[in-house]
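In what comes next, chain A is part of two complexes: it sits with chain B in the first one and with chain C in the second one.
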Partner chain A sequence: MSELFPRKQVMGFVFSLVLTAAALTVYFLDVSFAVGMTILLATAFIQAAVQLVGFMHAGESEDKVAIYANIYYGIAIALVTIFGTLLILVWDM
Partner chain B sequence: MKTDNSLPLEYGTEQNKLNILGFWIFLGAEVMLFATLFATYFTLEHRTGSGPAGAEIFEITPVLIETILLLTSSFTIGLGVHAMRLGRKNAMMTFFAVTLLLGLAFLGVEIYEFTHYVHVGAGLQVSAFTGILLTTLGTHGAHVTVGLFWGLFIIMQVKKRGLTPETANKSFIFSLYWHFLDVVWIFIFSFIYLKGMM
Partner chain C sequence: MDYFDRFAIPHPSPAIYASMVAIGLTVIAILIGLTYFKKWSYLWREWLTTVDHKRIGIMYIIAALLMLFRGGVDALMMRAQTAVPDNKLLDAQHYNEVFTTHGVVMIIFMAMPFIYALMNFVVPLQIGARDVAFPRLNALSFWLFFMGAMLFNISFVIGGSPDAGWTSYFPLAGNDFSQSVGTNYYLMSIQIAGIGTLISGINFVTTIFKMRAPGMKLMKMPMFTWTALITNAIVVFAFPVLTVTLLLGTMDRLFGTHIFSMTNGGMDMLWANLFWVWGHPEVYILILPAFGIYSEIISTFSRRNLYGYTSMVASIVIISFFSFLVWTHHFYTMGQGPLTNSIFSITTMAIAIPTGIKIFNWLLTMRKGKIEFTVPMLYSVGFIPIFTIGGVTGVMLGMASADYQYHNTMFLVAHFHYTIIPGVVFAMLAGLTYWWPKMFGFMLNERIGKWAFWFIAIGFNVTFFPMFFTGLDGQARRMYTYSEASGYGPLNMLSFVGAVGLAIGFALIVYNVYYSTRHSSRNIGSDPWDARTLEWATQTPVQSYNFARTPHVDSIEAFWDYKKKGQPLFKGSIEKIHMPNNSGVPFIMSCIFFVWGFSFIFSMWIPAIITTIAIFACMAHRSFEKDDGYYIPVEEIEATEKDSEVLADENR
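What follows is the complex of A and B.
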């Protein structure tokens, strides 16, 4: 039975729950906007990395380089889209 | 067909490897799709018109339940793929079924949440904010709905044909999709709900 629950995945799950609890501090504690966003950015991106590397096995095959290049490209375009939009339409720079 | 036995079954053939790489490229495109939704959300989140703001309608309890359900389902499908690699067909199908049940529960809570929003006057057409909020959440929810049917068909095929390079490949690709839905939810949870309630 225990062979069905590999340590790596159980630890990944527990770590994800801890990160979720850490993110919840911005709701339950009285933090400033800047501190809150810093906490959320950290917990969200670490948790996404746990999923991609730990659960989705992004680096296990010979296509590792192509898969990581594709993920980084997707994230880069996503960040340019989001922060480009914020710069022009919200922060008015 | 040449099968490489040094790798897990789902990578066993050239076609299988290309399917997995191709699906990663699809997920890259999905990242960009959700990026445009988030960009629009951040632009419109304060354009509430005469409708309610996020802080007035978001409730922590259902959001937290949804988060735990999806996070746990992402864990159980990971266990499903692990069981598949051990050749444990029944354990794998059980983990996949548990995953889908958790996904169904998630969808149930989300549907409750949507009816609640409409009930408190935050329907799709009320303001720019409610429009983009429900579009973003709805796009994620639609992905979960598709995943439920896809996963059901995967389980049926594994039951019928057993673990072959083809069914293992399909199951693994479905697990990538399901994990990805949890990744998107992490960002919705953090930057729509928690940021809105902060």
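What follows is the complex of A and C.
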């Protein structure tokens, strides 16, 4: 029976619930804006990763390489765009 | 009547009223013609509902050529207005609308559909596939683009054209400074067409990754397919930025947010920044397919395999990544510090390296080749020196400190026309002439084609080379007139003369299509150019299923090796073929999108809500629809294949 039990999915589900709860604490605890945003951003990105790997089966097919290459490329471009924009409009203005 | 006042044009002129009448008469003529010749059901059955990538490709071409002429007329109006000092042909407002329309139409509604036209027609054939991965989505892409383009094109007769430049920088494009609905047209129509482009991007990446013929490894793909893959990857990463930017702009203009405004915490420089985060990759979306087309053509007509295949692939991959790292060079003068400008100067100049590699590869492909100067080859050879001038002036503009001199002058205008016209227009004309026999079963006349090439090549240089000088002398772009004392007169007149030469060249191309349709031989076989890639292994005209038997690829130039070395290409027997059904939903849904966009432009909320619901209804319909396609039986395939063999024998 054990191979029929969707262990990975259940673990993923529990983990995503934990992440949601962690994000929710920002509302109930009295933390500063910076700390609150840090918690929210961190939990959001981990949550997205859990969804991609656990529930959207990113690593389970034979195009694993293409899928992860796409994700990493997307992340790289997003980071370049965000930090480039910060450099232009805030840090070096 | 107050309700209808919003549709009035803010700055009417006799020319616009004449256009209204002309548009009305054309629409009536088309409707009467379709009814008189009983073509409605043919149109619906064969074109409006088609999901065949070849037919969609041809519709893209027709739309792109129409838009080329629309944008071309705008260009002629601008050159005519600036031909002599203190000209009164157009007033300032009208001039603003004309240059804005020219830019948007040429980039979004001419160049983009043209590259998708050739990708649609050629890529599935080049990789030995039956169609794209998602044929119905492909139809939706086309119709969304088409409706976006139509929506943009009615702006000048209903409500007024956008007038803030094709870059539409806020705060200028915000409600305070652009009060007509023009910028709403810009935002909504590009949004609708952009959704179509994004869908195409996903569709083609999937097609190229998943549907290649057996044996065609990534490093055995033809160069045009490689550039199509990388282009669509850039589309997938860059277009979401445009979507969001346009959405933020729409929020500012329609719902009173203050994202790009100068007050209430808005960031007035953010539009320029976000626009170019999309805009610079967009430049490479346009140029990379052109590089692919030139690679195919130069190798075919030099009778040599492409020099440096691996370095070609490497350079396009590097270009695609660098294209996301250079966007600030469009606004060096906005006020950011020297650190930022230095960083982006360096990345900008670095991107010239992979481009240079490609130029040398083409030159070395031609070296010792038996070069045949056909029309497509003329465009390809003409591209190399002209584009190099564009590239060299690009490096000049890329130097941040020097850019303070060149910024927003005609020097810049000359530079980007020197890259985009050889890089996109020449490539599209070359590709169109090259693949024309595969599309329509006859060749375009070479003699008229060469006349057209020389008119376009010389006309182009006469138009744009003088702008380098007037720009260095300080003539600003987008200036609707200038005084005689400035001394810009003679060179601007020269530009106008060149523009007329360009117009003659394009008219010759139209005449060539007419002439060749009437007089060209239909007995050209399936491979008239003696080409090297798989699309030429199909019959002409290409059957709906493309290949009766799937090709097996064992080398980079499988078709060439099949012809010259007898390497087997088609193995096994004919089997029944699975094909997708036609569908009217993409067309209907895109029509609803048209009304949806129009409602938003004029803030008409009730139709906006109804059409939003209708769009979701179309998607729900698709989700619950059972459509498994159909099979073409073996006997039918054998019959069509036999017919074409008989035809081929007769032609021999």
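As a working rule, the second predicted complex is superposed on the first by the 84 of 93 C-alpha atoms of A that agree within 3 Å, B and C clash if a C-alpha of one lies under 4 Å from a C-alpha of the other, contacts with A are read in each partner's own complex, and residues count from 1 in each chain.
The rule is simple: a residue touches a chain if its C-beta (ideal position, glycine included) is under 8 Å from a C-beta of that chain, and two chains touch if they have at least 3 such contacts.
The model shown is predicted, which means the values in this text are computed figures rather than measured ones.
S.K.: Do chain B and chain C fit side by side on chain A in the superposed arrangement, or is it a clash?
M.R.: clash
S.K.: Classify the contacts of A:52 with the two partner chains as first (chain B alone), second (chain C alone), both, or neither.
M.R.: first
S.K.: For A:36, is the partner it touches chain B (first), chain C (second), both, or none of the two (neither)?
M.R.: Only chain B is touched by A:36; chain C is not.
S.K.: If you tally the residues of chain A touched by each partner, is the higher count for chain B or for chain C?
M.R.: Residues of chain A touched, chain B against chain C: more for B.
S.K.: Should A:92 be classified as contacting the first partner (chain B), the second (chain C), both, or neither?
M.R.: A:92: touches chain C, not chain B.
S.K.: With both complexes superposed on chain A, which partner does A:20 reach: first (chain B), second (chain C), both or neither?
M.R.: A:20 sits against chain B, while chain C stays out of touch.
S.K.: Under the stated touch criterion, which partner chain does A:74 make contact with: chain B (first), chain C (second), both, or neither?
M.R.: After superposition on chain A, A:74 lies in contact with both partners, chain B and chain C.
S.K.: Thinking only about the overlay and not a real complex, which stretch of chain C clashes with chain B: 40-48, 166-174, 616-624 or 634-642?
M.R.: Stretch clashing with the third chain: 616-624.
S.K.: Residue by residue on chain A, keep only those touching chain B in one complex and chain C in the other, then list them.
M.R.: The answer is residues 63, 66, 73-74, 77, 81, 84-85, 89 of chain A.
S.K.: With touch defined as at the start, can you tell me which chain C residues reach chain A in the complex?
M.R.: Listed in rising order, the residues are 209-210, 233, 237, 241, 267, 269-270, 273-274, 277, 324-325, 327-328, 334-337, 339-340, 343.
S.K.: What does chain A use to touch chain B in their complex?
M.R.: Those in contact with chain B are residues 3-6, 9, 12-13, 16-17, 20, 23-24, 26-27, 31, 33, 36-37, 40-41, 43-44, 47-48, 51-52, 54-56, 58, 61-63, 66-67, 70-71, 73-75, 77-79, 81-82, 84-86, 89-90.
S.K.: Which residues of chain B touch chain A once you look at their complex with the stated criterion?
M.R.: Residue list for chain B touching chain A: 7, 11, 17, 20-21, 24-25, 27-29, 31-32, 34-36, 38-40, 42-43, 60, 64, 67-68, 71-72, 74-75, 78-79, 82-83, 86, 88, 91, 175-176, 179-180, 182-183, 186-187, 189-191, 194-195, 197-198.
S.K.: In their complex, what parts of chain A are in touch with chain C?
M.R.: 63, 66, 73-74, 77, 80-81, 84-85, 87-89, 92-93
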